[in-house]
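Two complexes follow with chain A in common, the first pairing it with chain B and the second with chain C.
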Partner chain A sequence: MASLMSLRRELFSLARILSGVSHLVRFLLFFLMQITVTEEPDMLFQKVVILVKGHDRAVLDSYEFFATMAAKELGITIGKVFEPPKAIERLTLLKSIHIFKKHRVQYEMRTHYRCIELYNITGCTAQVYLEYIQRNLPEGVAMEVTKTAMEKIPDHILEPLWKEIPTDDKPSQ
Partner chain B sequence: SPSYLFFCFVFLQSTLAWSSLCRFSGNRSLHVTASCCKNRAARIRVGKGDRPVTYEQAHHPHHIAHRKGWLSQHTSNLKGEDRAAERTIEDVFIRRFVFGTFHGCLANEIVIKRRGNVLSVCAVMLQKLPPQKFYFLIGYTESLLSHFYKCPVKLEIQTLQDKAVYKYL
Partner chain C sequence: MASPSSKAFLSLGRIYIPLLGFNKSSGKVTYATALSINSSSGNKGLPDRGGRGSLGRRPRRDAGEPRTEKMPVDQDWTAVYPAAAPFRPSSVPLPVRMGYPVKGGIPPEKKGNLELIKIPNFLHLTPAAIKKHCEALKPFCTEWPSALDTDAKCDEHFPIKVESTDYVSAGPSLRNLSARIVHLRNYDYAMYLLTVLYHESWKTEAWEAEKTVADMEEYSWEDSPSQKNVLDLLLRMKVAGEGDGEEVRQQLLGRREVQEYKDSVTRLKNEGESESGMVQYKEAVKKVFNL
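Right after this comes the complex of A and B.
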């Protein structure tokens, strides 16, 4: 029941917030056709880190703008949005196919990064948001997602062990 | 700073010259690059001015990411990604295939984009064939390449009257 209520609440909030954004509404209306209702409680994520890699910095700029706008529209709390330093892989190869060892050619491959951190997000929202983001990933851009889930502490660790076991006063023989 | 270094060098040279009876009095000789030092990759050399050249051909490879874009867009050349060689072989095959199928109709190089499973080939063609033949060749290319690579292949074609000339070299 809790999951049903949470699902309905999500849908209402989504429909309300997205009345102005047509692209998101079209995508979500299509997605809403395939809703599955389960009894198990929703997963809670403390942090979802999206790292996007690409060769072109301008493409990553526009993708970051798109992802942050989508997160704001869905009401997801955005943490840090920053740019890790680029990684350059350089190769020095022989220029000629046969001899001429002194003449070489240097190539480099630059990988630019962009990191978006989202805090305190539910499983359903994360699934919808990530699916929307990934469907609109530009070509030549790769994404890595790291999720940090929160779980209830198991009952057997809540109380310290020495409180439960009755203390034996008999000296060991 | 370079001016300070230059001044130090000149001063040092002048003292050395004075000490060694003005042997090194600043003669400069002609330095010539050997022809095997020059780069010839993907460049069209400047000629008489009658050869039309497109934007892609006019710019040298070191202008990629500054004035040029990429002709083949996939993620396997990023750091930590693999299967770059397979993508390259596929790209080479697709370029030769499309060049041969639409013989004489290509205005510029083909752009190959990979998005998920979909391979999208974007080309600019000249209007040399009637549209029915174009449509047939597009469908033929798409179905053949899809069966060959086991992934959906889409061909996005734009047509022009003539090649878009950037300058004459």
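Right after this comes the complex of A and C.
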């Protein structure tokens, strides 16, 4: 297959771009932004799964809208976007500090989830997108990212080692 | 808590006031929020010289009219909220109400509303802002190679799949306990294992040549009693005159019905007996013997 002409770019001024886009962009583009292009081959991710967890469903709704819109703008193919069932952790405690065993109080902690799957995304794009998403993660929301990278078979496995050195005879155990 | 008692007093006050003709009840009076109590007392009039001197030393300036009054309809919202910021009621020109309403009332207004300040807001991430950000981020992205559009092609050229998980969380501790759950310890070790297994699989031992039919993991139809039986039956059925030659057997083997029979028998032996397997065997037998 044709060799991957993949590029690696440095996210030199990503932070600056994200903080003050509206009026500083023109200055940044001219003076400060340096995109370095290297010949190191890019990583290829077959699937990137982003799972966000939070206590408030409305916050996760808004975040999902933001993440899906950002993915569409950057040209990333979105797979499934779904909501795994919430997990409720309940505990029952005594209401009073001393005696009154029959009177208790119950607390619960609800964790809502949202899952976004992205397919066929390159290493550079994944880095850019994930950094953008993670910088705008709201307070009280946690995230887990599972990436499935694809790789070629390494060169040393294509042929067994002893075939290149016919004189050496590997003893079988 | 002061608020239930103050509510009681104020509601008592309100019962008498309507008789005097004062009908309007403002929301501020009946619901205690974080800032409303302070603003109603006010330090402007009489600075308290006696006791708490520091509070009333300088007269407080007027707040002035909120920015929302001066906002044009087609303004650039990304300039109002360029980054994540707490909710500012005087900067957001929306009549938002939030909070649990009092009995017979409505949720409290945005001015001095703690609930609106507590919850994370996405005012800095409006669609216009997202578009701007993505336009600036586009130069850093690369395209997926167009030749790898199907999964099959990806598997053919890049068969090894490496899964890794990252965690983002905030809390009192730096550590994330779910990061301790691993399948295989590290990437270098995984590649080393792969190399070792590959080389081991190429080695053959002397005793492997002594494998018999009973040792085979899978059933293979070639040179099995089933093949012999079927060929014998076909020869006896059809062409009694042609004789029993190798070429006739080879020709019979090449026929489609015999291949189907071979598939069905192999499937039954390897996968066990199932409804669909038996149906497939029946169809194959019927075709072979033209029943």
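FYI, the second predicted complex is superposed on the first by the 116 of 173 C-alpha atoms of A that agree within 3 Å, B and C clash if a C-alpha of one lies under 4 Å from a C-alpha of the other, contacts with A are read in each partner's own complex, and residues count from 1 in each chain.
Rule of thumb we're sticking to: a residue touches a chain if its C-beta (ideal position, glycine included) is under 8 Å from a C-beta of that chain, and two chains touch if they have at least 3 such contacts.
This one's a predicted model, so the numbers in the text were calculated from it and none came from an experiment.
In the overlay built on the shared chain, the residue A:His55 is in contact with chain B alone; chain C does not reach it.
In the superposition on chain A, A:Leu137 makes contact with both chain B and chain C.
By the touch criterion defined above, A:Val105 reaches chain B but does not reach chain C. In the superposed model, A:Leu118 lies in contact with neither chain B nor chain C.
Once the two complexes are laid over each other on the shared chain, residue contacts for A:Glu89 go to chain B alone; chain C is not touched.
Within the superposed three-chain arrangement, the count of touched residues of chain A is higher for C, of the candidates chain B and chain C. 56, 137-142 are the residues of chain A that lie in the contact sets of both chain B and chain C, per the superposition on chain A.
By the touch criterion given at the top, residues 76, 78-79, 82-84, 119-120, 122, 124-125, 127, 129-145, 147-148, 151, 154, 157-170, 178, 191, 194-195, 198-199, 202-206 of chain C touch chain A in their complex. By the touch criterion stated above, chain B contacts chain A in their complex at residues 36-37, 39, 41, 65, 69-70, 73-75, 77-81, 113-116, 120. On chain A, the positions that touch chain B within their shared complex are 53-56, 87, 89, 95-96, 100, 103, 105, 109-111, 137-142. Chain contact summary for the complex, chain A toward chain C: residues 1-2, 4, 6-7, 9, 11, 14, 17-23, 25, 33, 35, 42, 44, 46, 56, 58-59, 62-63, 66, 69-70, 73-75, 120-125, 128-129, 132, 134, 136-154, 156-157, 160-161, 170, 172.
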